[in-house]
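Got some structures for you, see below.
In the two complexes that follow, chain A is the common piece, with chain B as its partner first and chain C second.
Let's look at the complex of A and B:
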């Protein structure tokens, strides 16, 4: 029987150095090469590994994005996913994390309707452009499913439950959840493989359904810019960090003394 | 240079390059220094389907032939010729099965070799039988439905790591060359063990072992071709496998040049980049020119061979006859001369280039914490194995003489 795993991915600029247009306050996308959000590569790899662990499993990949985001879905199939679904419509544009997670949850419900039950949804920890980490837990909330974010290891999984390790600042939590559930994974969870040749051939052939707001029966008040409660009042590139003070001294002792003097001067020690 | 690769061949190159960059580069120094077999990389190559590029789809392959194998081996060898050998030596062990395997033999062994689940190896060399394979002493005595093997083979690449071995043993020592027979022997067969692990100048990530046969009973159904046809099997195998060694050499040479140019460009002496000196540029020009000539020869020969090979493989799948039988029908002639030429030219070129790459880098090029000296150590074997370059010249010379004789000259 196996698991049906849905991986939610996003096509983002292929860099971690995102520039913001100071006039409009939006991300500058012109001339940017796009790729699968790096954190989502770990989500895809983990889904494929779970597929290999649990016989008879299937991996579906889902994205919301403009027509060119189909490239990232094909890339995910090359990396081992079996099928892909594309939520695309002008009406989805400008969505914040609330509207995005709503739209993806409706996409997952549509997948369930068309393809049967989904056991597990896997997201990357966050995207490299938005950086919020909201979407995974948001999807779980919309679906009414349990979720764990910051997962660094899947210890055990079957069709009923999953045991995961969550990385915390002060250690690791080992958590068990009933399925269906959502997890958001860290880059520590695995090292993604190189896309296989057979995967690349599948990726060329795979037929990817495109679903708009009607197809997923979305409430139009909850999607796109209009459905997004977040208002961007201002956004900016943080000013580059200024150079610090260089403490001179002939010996390490002198340098240490200069440092202690400085810290005392600022009443830090 | 545009070699007009198909979309699939381009994907093969990109995949092999990504494996080389992401999975081989970080570990090549460790496997070389510690002389450990690169199982970590083998697993990545399996997952990426690289082992299957030259197999027929009936065995889970991607339907390519020698050229696809050459593309993979070249890309991997640009990073590490030793690690690339895990795949290339598997191909050498596999070709006899592809060429001479019956439908049952092919079904039994090719799927695991195509997926990389099991590695292959080829064992012909013995202490007294190097270039002269007619001096084979390892014996195979018929006993009912079995042959009993006794003796040793040495210098076996992928030894101990591989599970499927093509082994050459004599079934009739009196008959010399016509007494040798090829067998498939699986790891784990009682009486088949591993002796000395060799320590080598280069390709240290590759395991080179002595194979020991002590009353090892091999089913008669594991004979490839017929009894006494072993050296035909070996020669026909070398005809199509030598481009694999050539590709390894070409990759090593190209990798050495890439490292040397990158260093010479940033290295400054007398106030200028070392690459800006004319003496350095001439050295670089000779490297690039000879490598490109080697590549052009290798690619054109392999592609021409593949026209016959693919036709023969397809015909064999339909007829149930061996690929070798079908090859004799479609082929205009044997490939011995051209496969010897590519092996000879690519490996001589690689050694020159790797040698000059060290020279271009100066002292740092000689140091083991810089990647260039390893290329020279790895390049050297390409002039020796699968027939020394002296044997290649013999074969080319012999073929030229035969061609003249055929013209009545």
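Let's look at the complex of A and C:
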């Protein structure tokens, strides 16, 4: 039997690549490379680990994005996922977290229809570009499933239930959920492995279905920019932080004194 | 018709204003064909496949048009948004009042409630509406009076033995019921672990939009719409988000970004107990237990003062000088990704893009060069101090106060100096 796990990923600008223009303080966008959202790497790895824990399990990976996002699905297969599905259509563009989680939930329902029941959906904690952390809980709500976000450990899992540890500001919560369910995972949960040679071979030959709004039977009122309750009314670069004062002194003690003077002036001590 | 966006070549000066505001970097500058005989060397080209139709570039270009004397220039970008037929919108006039979610975590009220009450006061005064706070938990009604003293006009108290600890689906269920019944206009939650998890579920259950992690919230006095401004890309791009046609307009608010509402003794308000019947509700989530992590120190997200270490700290033992300084300052210890990835300090201390976002009054960075991923998590700190051997590193260049030197000499000297002055 085993588990059928769906990992939802997003292709985002690679963080290792982000640089700030020293003159304007704005993002340098030239030469920005896209990659799997860093948090999603932990989601993929955790799914592969759970597959190794529960015999007979399958890992599917799902993304919504432009045609080039297929690269990230192949990358996920190289890291150990078995199959991949790509939700792609101009009609999906401009979606906020509400419409994105709706579209992904319809994609998951389509996977269920084609491939059989799904036990667990794993998302990264948030994306590095949107930074909301809303999509994982959102998918669960659309599906009518329970969810726990900020998961730092999967203590136990079988085909009926999962026990997870949630990071809290003041410690850890332990929760048990009946499956199917959704979890959103933290970086702390694992250390992603590098793609194996076998994985890379699989990634090359895997056939990835492309599904548009008709294929997933999405309500057109709920997708893309038109279906999103929120809109961006403006966006702007915040003024760059101005450099301050360099504190000098002949000895470390003198430098420390200069700083403590300043901290007292600012009533910080 | 589908969404479309186009650039009128003759109006584009190649100024790159649109490139700078594009949140998805779908605009590039290409060389113009010399044969065109146009003065400007560059021309903007938009990749329609990547475009999210956010309108940012249109606004940037139109602003230049307004300022420009030559009305033949700018106003170059035309965007046509798809109008979806048959969408049902709520009657927004029925939705009144500003609500805040007063987070109770493991039985204790979290101070973000006072920050939200401060924000709500600003909004409610423009709207001339009342402020309500929502408490969910077991034995929480005793906290209501405190919320009233801090500015709430009404407190909804949702109490049930099953609600003692935060369980996503159960809390969503009771909160959505209350929203659908009472119809608030605006609803603010803290952008905490509970607030973000709950906010997203509630927005979908209540069929409305939500903005994550707002750091600026205002009301447009004409439209009465909530303008929620939030950082994305780790604070390198700010976006103002509206929810025009759905109610309540929801937002999670970044903790530590606003002052706390002052306490006014004797302030009066109404406490509304909300009856909860969970007899027919089958929860599929069971809260097993809460564990306090031993020896973890103060939560970095709640600390007013942070002393953070990076690669320059060199190892587990290196953090001792940081802890000593944090102790005398009554602050918490943070870390860069490099320090966490090397196993010198647990993940919960990590500041930055893949860690936590902090906004303390004082942030002391020791041996952190200032990669953008780190800056994303702390660049809005009030006072920033950087100590590094390399005076040219990004953090020393941007710090309010920078010191060139060895952190193992400077930090103990600072600790000693503070102790000396305190006597």
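What we mean here is this: the second predicted complex is superposed on the first by the 226 of 269 C-alpha atoms of A that agree within 3 Å, B and C clash if a C-alpha of one lies under 4 Å from a C-alpha of the other, contacts with A are read in each partner's own complex, and residues count from 1 in each chain.
One rule holds in what follows: contacts are C-beta pairs under 8 Å (C-beta built on N, C-alpha and C of every residue); 3 or more make two chains touch, one makes a residue touch a chain.
Just so you know, these numbers come straight off a predicted model, no measurement behind them.
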Among the partners chain B and chain C, which is in contact with a greater number of residues of chain A? C
In the superposed arrangement, does A:220 touch chain B (first), chain C (second), both or neither? second
Between chain B (first) and chain C (second), which does A:74 come into contact with in this model arrangement: first, second, both, or neither? neither
On the A-aligned overlay, A:133 touches which partner chain: chain B = first, chain C = second, or both, or neither? second
Go through the superposed model and pick first if A:196 touches only chain B, second if only chain C, both, or neither. first
The shared contact residues of chain A with chain B and chain C are none
Report the residues of chain B in contact with chain A in the complex, numbered from low to high. 8, 11-12, 15, 18-19, 22-23, 44, 47-50, 52-53, 62
Which part of chain A faces chain C closely enough to touch in the complex? 13, 15, 18-20, 24, 26-27, 29, 32, 38-39, 66-67, 90-91, 93-94, 96-98, 101-102, 128-138, 140-142, 145-150, 152, 163, 166-178, 181, 186-188, 220-221, 224-238, 240-248, 252-253, 255-257, 259-260, 262-264, 266, 268-269
Chain A partner, complex, touching residues on chain C are 2-3, 19-25, 48-56, 59, 81-84, 86-87, 105-106, 165-169, 172, 192-193, 196-201, 203-205, 207-213, 227, 231-246, 283-293, 296, 299, 301-302, 305, 329, 346-348, 350, 353-355, 361-362, 372-373, 375, 379, 383-385, 391, 394, 396-406, 409-410, 413-414, 416-418, 421
For the complex, which residues does chain A have touching chain B? 193-201
